[in-house]
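In the two assemblies presented below, subunit A is common to both, partnered first by subunit B and then by subunit C.
And now, the complex of A and B:
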């Protein structure tokens, strides 16, 4: 475990130095993402508040919903984005094969050497600011328990986001071209979670809860925090399961990745 | 003109090579549209606003996404890559304007995606909008110049921002600024008629609302015929002004550019 942290921190320092090489660009990128995501938050707020309510949620509540999702993406992706999106390229160029010869598990070596993505600090800061503003305008009251619950929910959500990235990179073991199926699962399906799932038909609610459990990322924990109804007939315990679901899908995604690795044949270059 | 046509065709052809990407693009567009359909059904179902009908809203979303898809360009990225690998020196030698070259390349690349991604969405939407009111002939006639100006304006802004690549080391973030300004001031996410007053007022001072919002307003007959000249003229003036600006920026950029070796 001590070695793990030593390894992680030395890889982390390298990643930070790489990003900071172009300081102006780094800053301009962060501001750009504030504006880009700020626009999305503003749009959602204008949309919901001009109709007062969306599926039982008001503008600020929907902002909190999206805030949790973006924050968990920032955390999950800062560790796994480079890894997930770089894997196909590293397999194509043959660099990946070097990971197989290292004295640590190839998965860990890939994650470490792909590097921590410092750029997600922009997603994190914008989502934190919006989440605090939004929650202070809702019925949410910060107590030790509700804050702990929120933190554990964000942790669970981050694990779901990470699992999505890990699972989608598994495709690279079978085809090194562009990866539209993975992108479809990872980005397009997730678009449903920007809004309360109660506005969608029953079939979609079922998929997002039991098959691709994206609803545990933000909908269920936010529903518990804000006292919102969950789909009719669903177990009342669901809003409290995010950390569990997160840990489960994270473990499953690593198993899937290792299964993919077993079927990997080097490109031989 | 013919040389631009060649660039357009070449760029279109290279897109045709990826058939399966088109399939997934189609699915992705359909799913994204489906999210919007349920979302707006829930919103309009509240009955709070009576100024927008469901079919109007769907038409708004469809035309908006088609126009955005058509002009989606990464000019900054293209210039950045060309500078890094040195192909920029070849591109500048060609007897063709760089802007025209970028425009034909962008359109060739996007037209395929716009048709394959939006066509199925159109079919899908027919199920949801039996009550759609199509515009009369005059509004359609006004819509086309307005939409063409909107598309030209969108490309113009993307191109102008893309020229910044000559000064920056990396420019992946430029599209975030454009995306943000478009969704804040251009109504690409929520129609401007839902905006609070201050934001509505601010949008008149920037070019973004003339890109997709005003053309669609004409199509939906929300702009009366006798007032349609205002947004069309405004779009035209923005286009002229920004074209002059891009010439100045281009001159400064090429003066600055040094290509090392080959």
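And now, the complex of A and C:
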């Protein structure tokens, strides 16, 4: 474990230096993202301030959902976006093979050497602003416990976001072309999480809770924080399980990735 | 038991057949036919510690596939490889600590950072003790003549400089084996020479076992004691360079220079005219004729003013051996 942190910090330092090597691009990227996500935020803000109640949630509460989702994406993607999107290219070019000749697990080596994407600092700051604005307009009262709960929920959500990126990269071991299925799972399904799942039909609620547990990313923890109802008949403990579910799907995504790797090692590319 | 043992190693690839056109593409979505390509077929050899072996063969012969199995990247379909008592593809991490790998055209450097940063990273990646790491850094910087560009971003470096750096980082942790997949590809004459000399002294000073694949036979002549040749996945030859010449050698060439116009060439057995210019011929002599006899014969017949005998180049022998 000590070695892990030493290795992590070495790679992290290198990743930061790489990002900072192009100061201009770096700053332009952040400002660009601010403008982009600021626009999205305004759009949603106008929309939610004009409707009253959606599945028992008012506009500001829905905005809080979006804030948690964006924040967790910023955290998860800053570590795993480069890795996830670079893998197919590295397999195609043969660079991936080098990771299999290193004395650490190839997953770690890939994640480490893909680098930390500092650009997500812009998503993070935007999401922080959204979350603060949104929560201050709701019944939420910050106490030590509720803040800790929120932090742990964001951590769990980040793990779910990371797991999504890891799982979708696994497809690269089988086909190095683009994979719409993985993109659908990683991006399109997540669109559902912009709304409380109680507005959806029962089938979708079930899928988002038990099969592709995106509801744990923001809906359940937000329901706990804001005292909202969860789908009828579902265990009352669900809103508190985000960190657990996050850790679980994160572990599963790595198992999936390893399974893909095994296929790669026996077939080559 | 030898240091590296490869026994009946096989590797098959399954390649999806692609039919032409859109109908073919649609059909392949539902049903795919595969052809099996035997990339490596029943290859066996053993290496002692400290040997330098040239692993040669035409494109697609199975060289890289063999290296990938030896370095733990790929699982063999059947057969076995053992490197110093470790089965590389089963004990990948343990094996990785003891090997250095350079895959020719793929750089392992971070192109926006100077090499010195990648060096530091490899120190923690392989947990190399600080002092040994320093010593190795200095040693390879000196040996590969890298002082001048150690602190420049990699993207500004030439191909030769990058290759030197890749070889250096593959060696910082004192591996027992070094696998080099086409290390000299695309390099200029000077860089090639620096690399070859470096490989020779690494082998001499550190007893590093080296397996290198190449298409440049000068690499082989300069650094390898031994040659293994494969084609279409099968081993065709395994032995010393000298043996290789004896096995595949097919005579020698004689260059005849004339002061004035060329005489008329007469075709006769074991003598063949390869090249003809204004004032010289190049004649190929085969059939086990000694160079002395050949010279006497050619002088008697054509009376040249100068005459040079040239041993066949490994490159030409290899080209013929590939068929």
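One rule holds in what follows: the second predicted complex is superposed on the first by the 264 of 269 C-alpha atoms of A that agree within 3 Å, B and C clash if a C-alpha of one lies under 4 Å from a C-alpha of the other, contacts with A are read in each partner's own complex, and residues count from 1 in each chain.
Note that contacts are C-beta pairs under 8 Å (C-beta built on N, C-alpha and C of every residue); 3 or more make two chains touch, one makes a residue touch a chain.
What you see is a predicted model, and the numbers here were worked out from it, not measured in a lab.
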{"item": "Simultaneous placement of subunit C and subunit B on subunit A, clash or fit", "value": "fit"}
{"item": "Subunit B versus subunit C as contact partner of A:136, first or second or both or neither", "value": "neither"}
{"item": "Subunit B versus subunit C as contact partner of A:22, first or second or both or neither", "value": "both"}
{"item": "Which superposed partner A:201 touches (first subunit B, second subunit C, both, neither)", "value": "first"}
{"item": "Touched partner set for A:11, first subunit B, second subunit C, both or neither", "value": "second"}
{"item": "Partner chain(s) touched by A:43 [first = subunit B, second = subunit C, both, neither]", "value": "first"}
{"item": "Centroid geometry (CA): angle subunit B/subunit A/subunit C, rounded to a multiple of 10 degrees", "value": "90"}
{"item": "Which superposed partner A:258 touches (first subunit B, second subunit C, both, neither)", "value": "neither"}
{"item": "Contacts of A:95 with subunit B and subunit C, given as first, second, both or neither", "value": "second"}
{"item": "Smallest separation of CA atoms, subunit C relative to subunit B, angstrom", "value": "8"}
{"item": "Residues of subunit A contacting subunit B in one complex and subunit C in the other", "value": "22"}
{"item": "Residues of subunit C defined as touching subunit A within the complex", "value": "11, 13-14, 39, 65, 68, 71-75, 89, 92-94, 96-97, 99, 101, 103, 106, 108, 110, 112-113, 117-118, 120-121, 123-127, 153"}
{"item": "Complex contact set, residues of subunit A against subunit B", "value": "22, 24-25, 28-29, 32-33, 35-40, 42-43, 46-48, 50-55, 178, 180-181, 183-184, 188-189, 191-192, 194-195, 199-201, 204"}
{"item": "Subunit C partner contacts - residues on subunit A that touch it in the complex", "value": "3, 6-7, 10-11, 14, 17-18, 21-22, 93-95, 97-98, 100-105, 113, 265-268"}
{"item": "Interfacial residue positions of subunit B with respect to subunit A in the complex", "value": "18, 20-21, 23-25, 27-28, 31-32, 35, 38-39, 41-44, 46, 48-49, 168-174, 176-177, 179-184, 189-190, 194-196, 199"}
